[in-house]
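Shared chain: chain A. Partners: chain B in the first complex, chain C in the second.
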Partner chain A sequence: MSTENNKSLMTPANIITGIILLVGLIITVLRFTKGLGTVTNLDQNNPWGIWIGFDLLCGVALAAGGYTTSSACYIFGLKRYHSAVRPAILTAFLGYALVVFALHYDVGRPYRLVYPLFVQPGTTSLLFEVGLCVFLYVTVLAIEFSPAMFEWLGMKTLRNKIHKLTLALTVFGVVLSTLHQSSLGALYIAVPSKLHPLWYSPYLAILFFVSSIPAGLSMVIFEGTLAHKPFHHMMDKTHLDEHEGVILGFARGASIALAAYFCVKLVALAADNNWHYLATGWGAWYLVEVLGFVALPSLLYAIGSREKNIKLIKWTAALTVFGIILNRFNVSMVAFNYNLPADQRYFPSLMEIGISIFVVTLGVTIYRFIVSRMPIFFEHPEYKDAH
Partner chain B sequence: MEYYIYHDFMMHTKSIIYILMGLFVVGFWGLWAYMTSRDEEIHKMPEHH
Partner chain C sequence: MKRRQFLGLLGAAGITATLGTTAQAAAGKTFEGHPDTKGVLFDATRCIGCRKCEAGCNKVNKLPAPAKPFEDLTVLEKDRRTDEKTYTIVNKYKGSKGPVFRKFQCNHCMEPACASVCFVRAFTKEPDGSVSYDASVCVGCRYCMVACPFNIPAYEYDDPLTPKVVKCTMCHPQISSGELTAPGCVSACPKEALTYGKRDELIDIARERIRKNPERYLKHIYGEKEMGGTSWMYISGEPFSSIGLREDLGTTSVPAMTSGPLSVVPMVAALWPAFLGGVWAINKRKEKVAEEEQKAAVKAAKAATQADADAKLAKAMDGAEKDKASAIEREVKRALEEAEAARKEAEAAENTDTPEDNDGKGA
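And now, the complex of A and B:
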C-alpha cells in the first residue's frame, strides 16, 4: 500500500510542485535573514513591487468570487448556483489567507502582525481600513468555509450551528468586500503625481470595486474549468448537472459587470478630461487594456451566453482574469512612477517572481489537498437536502 | 479647448459625462436585449417529440 502511495505521489506535477516549494522556502529564508534588499529590486522610489501588485491586489480581486457567488445564492435567492458556492468560498478563503501570508514578505516581522490592529491602531490610515477589513473578512471566510471541514470531521452539532449563520455571514462578507476592494483602489488616490493620469482617477476606489465583480465571476468559471478534469471523480450529479447553468448565468453577469466597469472607466476619463492622452504611447497601452480586456470580454461573454457557447465563455473567463491582472499591474507597477528615467523604473527580481510563484503553488497545493478530501464538489451524504 | 476658470472645465466635463450616461443607458439596453433574445426564441419554439 505504502509503495503504491509513494508511486502515485511521484507524478510530474508533484515533482514540479515540490521543486517550486523548495526554491520558495530557500528564498523565504533569504528574505527573513538577509532582508528585502537581498531578494528584491525595491528601492526608495519603488517601495511596493510585484508582491503588492500581484500577490495582494490580484489576489484580493480574483478572490471576489466568494462574495459574488454567495450573495447570488443566499441574498438574491438564485439557488441554482448553490453548487458553485463552496468552491468559490474555498478559493476566496485560500486567496485571502495567502494575501495575508504574502504580505509578511513585504512587511517583515510576522510576530508584529497584530500591532496595527490591536497594539497601535493607526485609525486615520487607509492601510488600517484595508488591514481591518482583510482581517475581518478572512475570519468570515474561515467561518463560512468551516461547515465543509466539520462535515469532513463528523462534527455534526458544530456544523449545524454555523450553518444557521450563513445568511448573516454572507451579508457581512459583502459589506467587508465592498469596503476593502474599494479601499485598495483608494490607496492609489494618494499618489496623483506618480501614477499616469490615464490610470489615476478620483474614481479609483469605484473602479477597483466594480472590476472585482467580473474578476470574481470569471475566476469561478476559470477555476471550475481547471478543476473539472482532475476532480471530475469528486463531483456529484448535482454539481455536474448545474455546472453548465452556472457558467451561462455567470457569463451573463460578468458581461453586464464588465460593461459597467467599461462605463466607469470612460466616466473617469471624461471627468478629468484626459482624452488627449489617448493619442500618446501610454494611451495606446491604455486602449489595449480597456478595449482588449474589458470591452472585448464583455462582448464575448454576451455572444457566448446568447449562443450557449460554453467553450467561448471559458476562454473569455481566462481573458478577463488576465485583463484584471493586467489592470492591477498597470496601476501598481507599469504606470506607477511613469515619469522616472528608465534606469530608475522598477522591474521585479527573479527571486521576487519566485516568491509569487511559490505563493500561487502553495495555494494550488492546499486547494488540491482540501478538494480531494472535504465535501467541496459534492454534498456530504449525511447533509443532503440540508441547504 | 482652453479653460480659463475651473467652472469652464467642470461645465465641459460634466456635459460630456451626461452625454456618455445617455449612451450607456442605450448600450446596456442593447446588450441585455442581445443576450436575452435567444431565450425568447427558445421559449417560443414548439416542442418536438
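And now, the complex of A and C:
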C-alpha cells in the first residue's frame, strides 16, 4: 500500500524536513533552558508575538476546514463532498494538536496549561473560553479522526461504534468551533486603546468567526491541490471523481462567505464611524487587506466556479489563505500597539520564525506519514457500506 | 461579595445564565467598590523627580538593585516603564513652566483588566483597594500584559520555567501584616506629592486642591473615572497626555467591554445544536420524502405502463377476436361460395351432360 516506504528516505524533501526539525529541536532546547528572553523579541510592551499571531490565531483559523467540511457533508446534506471530509478532519486535528503543542513554547509555565480547566478556572476571561473549547475540540477531532486509524489497525468493533457518533460529533464540533473561532477575535475586544480603530471593533468576535469559514474552505481547496500530485496513488476513484466537484462547490461557498465577511467588515467600519481613517496610511493598509484579500478573492471565486476554471480557483484559495493570515497578523501584531514609537514595536526574531516553521513542518511530516498509510484519500474496502 | 466574584458576575453573563438566582441578585445592584477602599493621590505639581519613591519601593519590596543608583537623576532623561525588577518609575516631561515629573506604577483599577482577562484568576481586587497577584496559579500566558491599558504588568522573560508577572502591590502584603502603614513610595516622598488614604477622601482632597488653586491645576482627577476608575489617581497642572497619561482610554472598564461577547457563549451552546439538528432533520426528511415520491412515481409509472399494456393487449385481443370472427366468416363465406360454385358447376355439368346424353341417346 505504501510505495513511499520502498523508496530511499534521502529525498530532497526529506533532507529539508530533517534540517528544519533539527534546527527546531536546538531552538526548543534554548527556549526551555535560557527562556523566552533569549529566543524571542518579546518585551514588556509586546507580550504576544508570532507564536500567538501565527501559530495560534492562523493555526486555528486555517484548521476551520474540519468543521466546515464535515458540517457541509453530514448536516447540510451535501454528500458529494464526502471524500473531502477525512482529509479535512485530519488537517484540522493536526492543526489543533500543533496549536496546543506550540502554546507550550509560548506560555511561561507550560506544565500548568491545564490549570484554567482543572485548578482555578477564570470564567470571566475570553482566553478561558478559548482554552476550554480548544481542549474539547481537539478531543472531538481526535474521536472524529479515530475511525481512519481503527480501519488501518483492523479494529472493526470500535470503529463501527465511533462511526455511529458521527452526527453528534459534527454538531458538537460546529458549536465548539463557533465559540472559539469567535473568542479568539474577542480576546482583542479588551484592548481598544492598543489596537488601531480600523482593526478594533466590538464585532471582532463575529469578524473572526465569519472569516474562519472561507479560511477553512480555501484551506481544503489549497491543501487538496498540494496533496493531489504526491498522493495521487493513494486516492480511490470516488475521491478523484469527486475532486473537481468539491473544488467547484467549495469555491462557490467561499465566494459567498467572503462576501458576507466583507459586509461584516463594512458594518464594523460604519458602526464606529471610522471612515476618516481610510485616508491615512493605516487606511491604505486596511484597504489592501479588505479589497485585495477579501473582495477580490470573493469575485475571483465567483468567476472561477461559474466558468469552471479550476486553476483560477486554486490560485484564489492561496490568495484567501494569505489574506486570512494577513488579517490575523494585522490584528495581533501590525496594528497592535500602533501608538507606540517605532523603536518599541515588535518584529519576530529568527528563532521565533524558526519555531513556527518547525511546527508547520512537523504537521506536514505527520500528515504525510498518515495519508500514505491510513484510509484518508480512499475508502477502506471493508467499510464501503458505511458511507 | 468578593470583588473577584463581582467581576465574575459582571463579565461572565454567560456563566450566570446557568446560575439564575445569583444572576438575579446581581442584576438589580451596582457595585461601587469595597467600602473604605484605599488609594493614592499623586500631585504632579508637587513632584520634584528625586526618585526617593523608587528607592523606598525598592527597599520595602526587597527588589534587586537598579542598574544606576537612585541618586543618579540622569535616568530621567529617558522615557522609562515598569519592568520585572521595578514596580515604579518617575518620568520627566517638558511642561509649559519647566520640567514636570510623573510617577507611575500599577493604578490598581477598580475593575481591573488584568483580573477580568486572567484565565486562572491569578489577580484579585482586595478590599483594601490593591490588586494582588498569585504566582502559584499563573500559567504565564501574558494576557494581563496585553489587556492592561496602562502597560504595567512586567514579565520575567529570562526565567525559562518559572517566570512570574511582576507589578506594584500597593504594599498590600506589608500593610496587611502591619509591617507598614502606607506604601513604601508614599512614606519616602519628601514633598508630600503622594497621599495614601481612603479613595473617597482622596477625591475630596483632590477637588479641594483644585478648587483652592484653580490656576495651579487642571479641573480633572485622572483615574477617578478612567477605565472604570482607578485606586491610584493623578492631579496635574499640565495636560495629562503631555505627562504620559493617555486621555483617550474612556471610562468603560474591560469587564464591561467583554461581558457582551461572553454572554453570547451559552446562547451559541444552547441554540446551535437545535439549529444544526433542525437543518439535518430537514435534509433527512427531504431525502425521505424524495425517496417516497420516487417510489410512488415508480409505482404510478408501473401501473400506467401495466394499464397501457393491458389496454393494448385487450385491444389486440379484441382485434384478434374480430379478425378471427371475420376470418371464420370469410372462410364460411368462401366455403359457401365454393360450395355454391361447386354446386353450380355440378349443375352446369349435368346440364351439358344431359344434352350430350340426350344428343347421344337421341341419335
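Quick notes on this one:
Following the convention adopted for this analysis, the second predicted complex is superposed on the first by the 379 of 387 C-alpha atoms of A that agree within 3 Å, B and C clash if a C-alpha of one lies under 4 Å from a C-alpha of the other, contacts with A are read in each partner's own complex, and residues count from 1 in each chain.
Basically, a residue touches a chain if its C-beta (ideal position, glycine included) is under 8 Å from a C-beta of that chain, and two chains touch if they have at least 3 such contacts.
Please read these numbers as outputs of a predicted model, since none were measured by experiment.
Touched residues of chain A, counted separately for chain B and chain C, are more numerous for C. Of the two partner chains placed around the shared chain by superposition, neither chain B nor chain C is touched by A:Met149. Within the superposed three-chain model, A:Ser182 lies in touch with chain C and out of touch with chain B [touch as defined at top].
When the two complexes are overlaid on their common chain A, residue A:Ile256 makes contact with chain B while staying clear of chain C.
Of the two partner chains, chain C is the only one that A:Leu36 touches; chain B does not reach it. In the superposed pair of complexes, A:Glu307 makes contact with chain B only, with no contact to chain C.
Of the two partner chains placed around the shared chain by superposition, chain C is the only one that A:Val119 touches, whereas chain B remains out of contact.
In the overlay built on the shared chain, the residue A:Leu266 is in contact with chain B alone; chain C does not reach it. Taken together, the two complexes place no residue of chain A in contact with both chain B and chain C.
On chain C, the positions that touch chain A within their shared complex are 7-8, 10-12, 14-15, 81-84, 113, 115-122, 137-143, 145-147, 149, 151, 154-163, 246, 248-250, 254-255, 257-258, 260-262, 264-265, 268-269, 272-273, 276-277, 279-280, 283-284, 286-287. Residues of chain A touching chain B in their complex: 252, 255-256, 259, 263, 266-267, 270-273, 298, 302, 305-308. Within the complex, the chain A residues that touch chain C are 31-38, 40, 42-45, 47-48, 71, 74-77, 106-109, 112-113, 115-116, 119-129, 131, 167, 170-172, 174-175, 178-179, 182-183, 186-187, 189-194, 202, 205.
Interface of chain B with chain A (complex): residues 9, 12-13, 16-17, 20-21, 24, 27-28, 31-32, 34-38.
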